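So the structure is just underneath, and the comments pick up after that.
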Amino acid sequence: MTTVTRREEIGRVLQQHGALMVLGVLIVVGTLAFDSFATVGNAASVVVSSSFLAVVAIGMTFVIIGGGIDLSVGSLFVLGGVLAAAGSRYGFAAALLLPLAVCGLVGLVQGLIIARTGLAPFIVTLAGLLGVRGLMLAISDEGATTYLVSDPAFAALGQGELLGLTYPVYVTIVLVLAAMVLLQRTGFGQNVYAIGGNEQAAALMGVPVTRTKVLVYLMSGLLAGLAGALNAARLSSGVTILGIGMELDAIAAVVIGGTLLTGGAGGVTGTVAGVLLLGVIQSLINQVGNLTSSFQQVVSGAFLALVVVAQRLLSKAQRLN
Amino acid sequence: MKRTEPLLEARGITKRFPGVVALDDVHLALGAGEVHALVGENGAGKSTLIKVFTGVYQPDGGELRYNGAPAGFASPLEAQRAGISTIYQEVNLVPMMSVARNLLLGREPRGRLGVIDTARLYGHARAVLRGFGLDTDVRRPLRSLGVGAQQMVALARAVSVDAKVVIMDEPTSSLEPREVETLFGVIGRLRESGIAVIYVSHRLDELYRVCDNVTVLRDGRVAHTGPLADLNRLKLISLMLGRDLAEVKSGGLTRFNRDQGAVDGTPVVEARGLTRRHVLSDVTVSVRPGEVVGLGGLLGAGRTETAKAIVGALPLDGGQVLVAGAPLPRGGTKAAISAGVSMLPEDRKAEGIIPGLSVRDNIALAALPSLARAGVVSDSRIDRVVEIFMRRLRIKASSPHQVVSELSGGNQQKVLLARWLAVRPKVLLLDEPTRGIDVGAKAEVQALIDELAGEGLGVLLISSDLEELVEGADRILVLREGAVVGELSGENVTEAKIMAAIAERAHD
Amino acid sequence: MTRWIRDYGVYAAVLALLVFNVLFTPYFLDAANFRTQLVQVSPIVIISLGMALVIGTKGIDLSVGSVMALAAALTALYLGYGAAVALVVALIGGAVAGAAGGTLVAYVGIQPIVATLALLVGVRGLANVLVPQLVEFRNPDLIALGSSSLFGVPLIVIIAAALTLVVAFLVRRTTFGRQVVAIGGNRAASELSGLPVKRVLVLVYVISGLLAALAGVLATARLQASDPTSLGMFIELSAITAVVVGGTPLSGGRIRVASTVMGALLMQLLSATLIKHNLPQSWTQMVQAVIILAAVYVTRERVKR
Amino acid sequence: AKGEEPQTAAAPSSTAGQQVVKTPTGTAEGPACTLERFGGAAFDLKSATVGFSQSEKEANPFRIAETKSIKDEAAKVGITNLKVTNAQSQFSKQITDVEQLIAQGAKLLVIAPLNSDGWEPVLQQAAAKKVPIITVDRKINAKACTDYLTFIGSDFYEQGKRAADKMIEAVGGKGKVAILLGAPGNNVTTERTNGFKDRVKEKAPGITISFEQTGEFAREKGQQVTEQLIQSNPDINGIYAENDEMALGAVTALKGAGKQPGDIKIVSIDGTRSAVQAIVDGWLHSVIESNPRFGPLAFETAAKFLGGEGIAEKVIISDREYDQANAKDSLGEAY
């Protein structure tokens, strides 16, 4: 019996921390292969640029653990940025609150629709993806207007540095820690796992299913909006062409991080590892420097497949033995 | 023990589903400290009534009263907050969460800043479960426990909240005898502390041991309600079935009627030395045509695994299955099925029914290849087969096209039996074929097993119901920890001998 | 009544949109217009048919757009040997991509959305490696495939209609179809019932790949150019939308072929209406979002309480 | 540059398609930027790490020619350490790409920006290390000589205006015209649209723009939109396509609808070989060039800058135009 448990445990560890291990391997390989890989500047650029996807992916982690999916985050990310830049004309508070309010509202509405009508999250948030991008285009005059961040304090939020890393990195770290506590140590987190693991049972056990779902999508919307706003602060403008396909990156990061798409299991640490892994892969491709653009895609696709297959086979082998 | 004012009361409750009236003007009164049996055939409406009490369904008519005032619960959560907690027929917990988190979901001990205190969470969970005779690592995911242990967790969860009413829908169907005793102990304590219990079970012995009053449902209506002591077993059965006393009497308690030991001939299926690490060790079983071989043992003894191994649904480290002398290729159930070996799985919901499909499609599923020509199915052939089995097994459905998930548990089980009979097997492995089905259906299934064996079918019968095993089987293998620890045949097939076989080795 | 709306809501919506267009869109009743709409919707219909099968097994295939691109690339590469050879090679390419996805799903046990996401990225990359830029061609056979008509009905439309019938037959009348639905309904039970679950799953993804490849060849023939870079971008979302709007639940276990075609038609008519009325992109996307939600809402499976 | 008059004559065609500067270095565009003013130190271009950040996949003729031109010229000049990244049309990725090029020690950056705004982090890092940035084909909205060195490229607004002139000429100053817009949110789309509309309003009030829908710069989308367009607006006289791919998609649509060359006048921008061929075949009326061969000019500018010369804040190249008159002869120079 104890052996069974240990094997299970190993399988679980591989499933949950596989991304971290692969990440470690890649960093070692990169360091050995390229002089300019393990430099402070390069590491900082990977960390800084990953932080925005990480914030989005935290929300996605909650959604996926809760048994759902949120395709609207890419659109909410760009909308958040445009709103933040537009809002910055009215000061710091407006720049931060406007995107949070609107993106939160979108998340809330999606959550309500999903929880109340039982429509599939995939399709509801797919409509969200379209509708939100439409809204962004409407606000930005079909994309012709790029709002510039005019509030210096808000711009500083995205550009200010501490110990060589910009503020958004610290915001992300705080959010990750908060998300870990929220998932593991609060009733809400338990409810998320429960509805993702067995929604019917959760309902019968007294979990407020509707409220939990709504909160999860609200959170995802808020985080995507926040990430967009921080990014706008960093770029000093509400760029309108961002976020296309970002939902897929976020989902990939969450899955690589060991969270099951079927819901009920997973965690934020894995997701962070997944996000960094994607960032490091990109960085390595850049280090090679002369891969044609199509070949880069083949490499990314193959790598994604490889990671999930390896993870799957390792954890399966452990379980079957 | 009786109080004047009922604690929980149903007054004229009616609940309709498309095509059925599941509950029709149902009255039920429950006093504090009372253990109230709720009985009836499959599909009588027991589970539905419970779900109305607990806010899963809203009644179409009638009134619920709780604590002397009208009440209606919009959700299970509300009912739970009001003090009504429930153990449902199927284990309803979250398999991937840890035992402790399942047990205490929603009322985890909090530490500083209102954050869950994991140390206390695990400590508390361990303590609670020990009170239920369960000593396990509470940090492991729930799914790593056996079904029985899971049910105990569900039970512990339901009872350990501040409940005034505890509803148990067939709590013992997956418990082993020792666990059943623990449960009865718990019920006794509940009664003493003035908590009311609604107890649903098809096992009549249990009812007489723990219940004060009984309400009999038949086709959604109350057929009788009153003290249980006023009814003897036969009277109770006749009320449930709606048939005459005399008729019931002549039928006996199980419907088995076999001349035991009359079979011989070469085995139609022979499993040799089935071995799988930590699960099965060197299990050898054979079944001859017309023979019913019972598999006895406690929960977790490896009976299900034996059956699964025979049909190829479980990877093996060693061993071989021979059908009519020829070895069966491994890796999937298809080969076994086409060789004539079929298995009725134990877990109806997870491994049996396909909930979204109709009764018809569920029955025809396994037999499809034989009901098709060049991959194109023949509707008329399917209809013919489906009709035959629906009639023969008396499947109660509004039409063959009704979605199977709308049927009651017993009828779903019959649909599955029909699925397996439709492939014309030579050997049928039945894993708990009568679990969770009512006396009437149980008798029908048992009679059917008899009849099929009479026609030359070999049967491997797995059952936790010793009476059923003893009366139904020609020969019994007793398993313990994945190994055969005894074989009984002829005169030796008695409950006492089975118990002895299990016990002897258990205390080695 | 509610059941009627659920089952035929998408037909009603298509009808409503037709009526709107007849009343408010100039030249809508021209035969040429209907031909345009049908021709444009055909590739999506073909892909949706495969997608419906995949979704029926509780899966999803995100790779279809990239498979279209791969087919376009292969067509360009092998057109030198004649249109027929190019078509066959493209179909083989699609089948191989489908088999790869199916194998990851069925044998390795990767969740469909992840397996096909990897293919979405990788296969398009591969298509681009094979054919890095748009290639025009003048092969008369291939151009004919894209632009000729039979009795006034474009060949592409005939092909899509024929495939619809084939898939409907597959779903309703064959063992394979029943098995697909059963696997989507309860995989464990299907396995225990002796269904060749893994084989059926692989086959379903192969069919989806084949159909996507065919759609890719047809789109290429119509465009008279092979464009692996942008062909089929985001078409997986249109196909999934068509399937779901047609009332096939994403939770698997049920397939509605005719309604899927209607779903595709609905989305096509909608986008045509918005284009013809010259709405800006922002409006187009918002209106589409609302219509998708409304359509899936009326065709949803109702939860009983 | 918005106020400038359009080039009236096509650029000389003796240059084998190479770019020709329209606003020569150091004239008319404000004070020239010198190494001294910029604040950096001179370095040897040949041995330095040079980064090139491409914005889109090299899958359309423009990007292919652009990347090739940069790489070829780098080799020609003798740059041994050229690092090329590709943002695959994802703006966030491009920012990261450039940051990583800086981290890898790039001394000079040539950037083909996906977007004009949003370069703040890159500019800061480059400024901190005094890395000169030359942006090609699209501008960056920032200060030349402080934030970046200079911009080499076309004027998209100007291209729109010139396309309008061609359209006015084609339809005779009146009629109904449709626009196939580029990808929404893209600066190029915006400027080519504004230039076209402004010019039409100013010069030919008789032309109404009765239809504008996005074709997302892709051929298939251009075909589909045009198919819808000619159904609902059969009286359309001209189509302005904001790139050649959409124009060629429109041609396929017109062919499919049984139209003859010249029935509907099509004007587009880019100057790819297929488009110029389509002029020869009579399907396109004219094409305004957008020349992607930035390599020579980019490295020439860099060399001058490092050599202490002053560089203008914009180096606007002179785009040619192709029409019936010169298409056939210029085919060899189209990319």
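A, B, C and D are the chain letters, set down in written order, and residue numbers restart from 1 in every chain.
One rule holds in what follows: a contact is a pair of C-beta atoms (placed from the backbone, for glycine too) under 8 Å apart; a residue touches a chain by one contact, two chains touch by 3 or more.
None of these values were measured; they are calculated from a predicted model.
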Open item on the list: I need the common contact partners of chain A and chain D, sorted by label.
Closed with: C
TODO: Note the shortest touch-path length, in steps, from chain B to chain D.
DONE: 2
Task: Among all chain pairs, the one with the most C-beta contacts - done: A-C
Task: chain A and chain C, separation of their C-alpha mean positions in angstrom - done: 29
Open item on the list: I'd like the Å distance between the centres of chain C and chain D, where a centre is the mean of that chain's Cα atoms.
Closed with: 35
Open item on the list: Averaging over Cα atoms per chain, report the distance between chain A and chain B in Å.
Closed with: 43
Task: Overlap residues in chain C, where contacts from two or more other chains coincide - done: 128, 132, 281-282
TODO: Could you list the positions in chain B whose residues touch two or more of the other chains?
DONE: none
TODO: Find every residue in chain D that makes contact with two or more other chains and list them.
DONE: 57-59, 184
TODO: Could you draw the chains as nodes, link the ones that touch, and say if you get a line, ring, star, complete or other?
DONE: other
Task: All chain pairs that touch each other - done: A-B, A-C, A-D, B-C, C-D
Open item on the list: Under the stated contact criterion, what part of chain A meets chain B in this complex?
Closed with: 1, 3-5, 8, 181, 184-187, 190-191, 193-194, 197-198, 200-208, 264-265, 320-321
Task: For the chain A and chain D complex, residues of the former touching the latter - done: 36, 39, 41-42, 44-46, 48-49, 52, 137, 140, 142-144, 146, 148, 155, 159, 166, 231, 234-237, 239-242, 244-246, 279, 282-283, 286-287, 289-290, 292-294, 296-297
TODO: Sort out for me which residues of chain C touch chain D in the complex.
DONE: 25-28, 30, 32-33, 36, 39-40, 128, 132-134, 136, 147, 219, 222-225, 227-231, 233, 272, 275-276, 278, 281-282
Open item on the list: Help me check something: in the complex, which residues belonging to chain C touch chain B?
Closed with: 173-176, 178-179, 181-182, 184-186, 188-196, 253-254, 304-305
Task: Residue ranges of chain B touching chain C (in the complex, touch as defined) - done: 17, 57-58, 311, 313, 332-334, 336-338, 343, 345, 350-357, 361, 364-366, 368-369, 372, 375-377, 419, 423
